[in-house]
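One structure below.
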Amino acid sequence: MSRIEDAQWAEPLNALLRAWAQTAAARDKAGGTAFHERRLLRDSGLLRLSVPEQYGGDGADWSTTLDVVRRMAQVDSSLAHLFAFHHLQLATIRLFGNDAQIRRWHTGTIEQRWFWGNALNPLDKSTRALPDAAGSYLFDGRKSFCSGARDSDQLLASAFDADGRLLIGVTPTTRAGITVLDDWDNMGQRQTDSGTVVFDRVPIAGDELLLQPGPLSSPFASLRPLLAQSILCHVYLGIGEGALQAARDATLAQTRPWIASSAGRPADDPYVLAHYGDHWVALEGARALVERAMHAFDRAWQRGLALTESERGEVAVAVATSKVAAARAGLDVAHRMFEVTGARSTTAALRLDRFWRNVRVHTLHDPIDYKVRELGDWALNGRIPKPSFYS
Amino acid sequence: MSRIEDAQWAEPLNALLRAWAQTAAARDKAGGTAFHERRLLRDSGLLRLSVPEQYGGDGADWSTTLDVVRRMAQVDSSLAHLFAFHHLQLATIRLFGNDAQIRRWHTGTIEQRWFWGNALNPLDKSTRALPDAAGSYLFDGRKSFCSGARDSDQLLASAFDADGRLLIGVTPTTRAGITVLDDWDNMGQRQTDSGTVVFDRVPIAGDELLLQPGPLSSPFASLRPLLAQSILCHVYLGIGEGALQAARDATLAQTRPWIASSAGRPADDPYVLAHYGDHWVALEGARALVERAMHAFDRAWQRGLALTESERGEVAVAVATSKVAAARAGLDVAHRMFEVTGARSTTAALRLDRFWRNVRVHTLHDPIDYKVRELGDWALNGRIPKPSFYS
Amino acid sequence: MSRIEDAQWAEPLNALLRAWAQTAAARDKAGGTAFHERRLLRDSGLLRLSVPEQYGGDGADWSTTLDVVRRMAQVDSSLAHLFAFHHLQLATIRLFGNDAQIRRWHTGTIEQRWFWGNALNPLDKSTRALPDAAGSYLFDGRKSFCSGARDSDQLLASAFDADGRLLIGVTPTTRAGITVLDDWDNMGQRQTDSGTVVFDRVPIAGDELLLQPGPLSSPFASLRPLLAQSILCHVYLGIGEGALQAARDATLAQTRPWIASSAGRPADDPYVLAHYGDHWVALEGARALVERAMHAFDRAWQRGLALTESERGEVAVAVATSKVAAARAGLDVAHRMFEVTGARSTTAALRLDRFWRNVRVHTLHDPIDYKVRELGDWALNGRIPKPSFYS
Amino acid sequence: MSRIEDAQWAEPLNALLRAWAQTAAARDKAGGTAFHERRLLRDSGLLRLSVPEQYGGDGADWSTTLDVVRRMAQVDSSLAHLFAFHHLQLATIRLFGNDAQIRRWHTGTIEQRWFWGNALNPLDKSTRALPDAAGSYLFDGRKSFCSGARDSDQLLASAFDADGRLLIGVTPTTRAGITVLDDWDNMGQRQTDSGTVVFDRVPIAGDELLLQPGPLSSPFASLRPLLAQSILCHVYLGIGEGALQAARDATLAQTRPWIASSAGRPADDPYVLAHYGDHWVALEGARALVERAMHAFDRAWQRGLALTESERGEVAVAVATSKVAAARAGLDVAHRMFEVTGARSTTAALRLDRFWRNVRVHTLHDPIDYKVRELGDWALNGRIPKPSFYS
């Protein structure tokens, strides 16, 4: 996880993180859309990070791109999520679309400096795809959990046709009939703008639909959910790391150990050290698993359409393993950090509870219990996870 | 824990809880002083609950009084804390003061309908007691974590004299030189008003000081910290119970099980049931220990000055045991409840995170790690906890 | 849990426990049938403890009888199990049999000093009940997990008739056709003789069958599995308590703290104390729940046939709760005790691993996971456990 | 962890593991010295695995050598320990001895097919080094926990001189005055022969003492305890993996799910799968950390005397992290495996409890609590572990 330092975008990234950090607590309180910080992100050039060099991007591999996500999440897990989902939309086009589509939207992303938003939630079946002219559709209905749709330039949107088939289309966010509501107000991940997009008979042309080869059409195309899950891993891990750093600052700032402690300072208290040791082991374990999963993912990505079902299955196992570990570590650190920071660290001015609220909300994306079950089925029965939008 | 239903104040209590519940989430958002709800509490008559009958109170024992605290905490743990601390101040007078003082302030409480506030925090040594006229002092300095001082009528305040001796005095909140700041803004327990009280050379007369028999002057007087700790237990347990009830409402309202679940409804999902089973065992275990500790406490209270060190020590062990169990159960339920309520339950409209923020903050009152250590010393070495303001 | 000290059988019990303790480790190594210790038990008079006074027994309630089981399990959980199952067989007759049967076998138990064994395992369906003369049957087949059948005088045995109905019969162990195999060799609970009984067309007369009112025929009769489960609770708790006592002896005998410890002796090491504190909280919580469940059980038992389904359901919840807590506490103490006793305590001479092996084996009687699920169904859906031989 | 398959010694290793596996349960019961299996190990050629090629060995790096230890531990953790300690003694000579000593004892190991034993336990201070002729000493006293001394050819032994300085010497096991007692009888790791060696004024010549550069004389020499700790990691992990494999065999052999399960077979039960998923995550996390630590260790080893304190410190952190994770994973799998294997798997014939007994005993080598504390000191205060024989 160390290739970042040498990259040309290392300093823009660090500048961005410093800027975000200054306002992270205040923006957590305010919620809403982080227009200014999104602009800083656009200006940083990092929106082209994963775009292949042939289209003018930086061509970073996924290990690198998601390592940037992790670093962002240490500081601001909402913005990390939006950055990651921008790249996920582009990856989706590469996995589900044809060459012309890939070229069109990647070139546009570089030339027009597009920021992509998400209106894809396949669990929400209330948006329908009504047949229009030959091969075209009208998308109609409401879509929930549309992270990053606000202030976006392009959207990936999904709808179900009369046969229950999932159709994924691409559209400028400004197209007539699209209304992006400002209705996200959540206990955590407060600036992901994961609200509702309303589609009022929005025309989607045939060449805007990702039909060739189409969603989950091959083991390679089925890497898409694994990329989405890997993003979650990095956000969870980043939150845990950010929480530990914040806890450390708070503990080291304390001067008076508990009255019953034999230590001269809180940072030498045996129980304080035990908590930090536990957190270190948990986070380091998650880091090792995430790193391992990403190496497998990058190798699988490079295999392209030659990727087999069982190869994809092993990547799925590695990603799921790292996700469970990262979720548990992030949750545990954010939950228990206060046992070493003391009562005064709970002042609303610090908003240290945001780490917990963020990881608590984000780990509900899909149930950890069922990821564990999937891994049990692998460990016991040797069954690889069946590809879906969550596995 | 069932004597409440038959009491004359059962219906006023239920009415109070219903009223508080309607605004609990909104007031958690707003923070600040709950003037209206404090007035409802005054009007309910429950401020006289633990006052002995000889002074015109209801003469409820501590099991009963704290069971009311627990029920309040299910709905609003800030107000539960304020109610409990009102009774704690009165108990402190009974334990540390002389007969005349006990009569004076208990009679006043009934006749003037006083609501007591707290300015006693013995860990904050920045308030000094300066010698004034014979036997009198001027309290001078700032005192932190003064729960319930705002909108109170009477205060129990502490200061340290030149020899480092802790002096506890009683004063009307309106006395000249006392300023109760409105500076409590915390991530949890947002309406406990646990802010700062400034004492600017506030005269405390000799007969306002609790010197006979004085703080922790006997095993009986040393029940005071055990009462304070027992209050914490009931608040933690109540929060856990409230969280479980809120989780239950959310789970039962869900209609769609996770896509990989074999259950027909979320409430029949095997992992959902496992979480509820775990929570039940934890809360029921805490309830049993709390009940057991309170029986021991009530018996010890009735023993009065005949109470021996070792008898007091066994109560201390029972209270500490119940505290560790209640804290862990409350924390665990509030942390994990979201795994059974699903992503939509994280909307800011419900503010379900308040259970976690409340119990997370309140369990930092004094470190659980050192309570566990105390219990280890008992279990291994047979040593009873040494009385202090936290043991 | 303190009525025992005053009872007339208190001293015989203590003598018995002392004798058992002296050989417990050696007999754990040897396995097989504890003929000598079983004889000491017969001689102690404790086999009549729960027998109602009208038949010449001591008439102890179940709280008291199982508290004896718990004390026995601290010392020797195999023998505790055999003692408990003797009383369980007699209780089964009281719950499933008619008045004449109850009188006959209880009177015999007192007069003939019978020790009852178990051949009832309802999960093992390989023993068939073949119709014989009118109302009589021949029991034929093998029955597994027959704790206490060896060296017993009377057996409760079960078989399934052609319609799959469970028939429970009573027979002297010496009846022709019965062979009690000496084939129990297990990693734990090594002297429970839970081996195989072979029935070779053993005649069971009509009046030896418990048909009136019959198995689980009423809420009252359905207390039988709750008594069996309560026995498990007491054995688990007793093992945990015995393990903690053994750990304590070992820790206190150590003189040299770990080289990195700041403590002067191991018993003052902060992490050692933390382990003991944890164990104390776990065991004390289980004790409180077990005590609470037994009070509910005793009350339900006294209600007799008036007991309603929902009353029985609440006892079932209380017993299940205490079982989960006792199993977890016992397992955890026995597993982790070595972290405070040090490497030298693992010598085979002490056989301290027997606590773990015993509780590990015994907690597999029926899956804890499904008990937790049952409790989740109660906590979430308000459903009481459906009576079966395990609920 | 995959270089093994291609090695020339891959097939001899597999043959050895197959042979050991056949008798592992029986030898766990018998205890004592595994003469036959030790001979198979000698014959396999694996005793020269880590010996540098310049002395005629296979020159395997430590990642590879310890990966063999892990595989052995899956089958027989006692023999894995003995194999590992053989190589540890040779590594000790390379780290603490001079060139002539290294050449002498490595060449001898290859030519004479020596099997090295351990008599080094630095915590046992009862063996004294009495001055003899110039530069020579007489080792006198008893040394405990001497794994692998029985049936060994050469010993590494330690003693303390009058100034309390630790002296480490090399001697043939057959030297006059050395008696290797057959007194190891433990609850686990039953064939490690970790008993007592008696030294009765055993002469150790000056050139048999490892004085140049001597114990822990440099960051490089201080890799010795890190190698010892890494061995422990691999044994713990191997035991966990072996336990999971044994559990898997048992679960898959079961045909009847629990009566309350909705699954058609035990291997599809939701709770069974959850256990396997948990175990997978724990073991996979430990594997990733162990692998990461070994890469760091191998790099550090190659640095030789150029290795700096802080570089060594980072390896120490990586090893400690992997040790805590491996110990916890191994303990947890071995403790909980029975919850998925069912009651019948506890038969003494299978001796599945040996995994727990082995990992339980071996994880007491030095306290995990203090490893966690060390890691806390690193995570919070940035302090690297101070080199000692345990850090």
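Read from first to last, the chains carry the letters A, B, C and D; within each, the first residue is number 1.
Rule of thumb we're sticking to: a residue touches a chain if its C-beta (ideal position, glycine included) is under 8 Å from a C-beta of that chain, and two chains touch if they have at least 3 such contacts.
What you are looking at is a predicted structure, and each value in this text was computed from that prediction instead of being measured.
Looking at which of A-C and B-C shares more C-beta pairs in contact, the answer is the pair B-C. Farthest from chain C, judged by the mean position of CA atoms in each chain, is A.
Chain B and chain C have CA centres that are 41 Å apart.
Centre-to-centre separation of chain A and chain C, using mean CA positions: 52 Å. The multi-chain contact residues of chain B, meaning those touching 2 or more other chains, are 270-271, 274, 369, 373-374. Of all residues in chain C, only 31, 123, 145, 185-188, 190, 258-261, 271, 331, 335, 338-339, 342-343, 346-349, 351-353, 356-357, 360-361, 364-370, 373-374, 388, 390 touch chain D in the complex they form.
The part of chain B that touches chain D in the complex is made up of residues 262, 270-271, 274. Of all residues in chain C, those touching chain B in their complex are 244, 248, 251-252, 267-268, 270, 272-281, 284-286, 288-289, 291-292, 321, 324-325, 369, 371-381.
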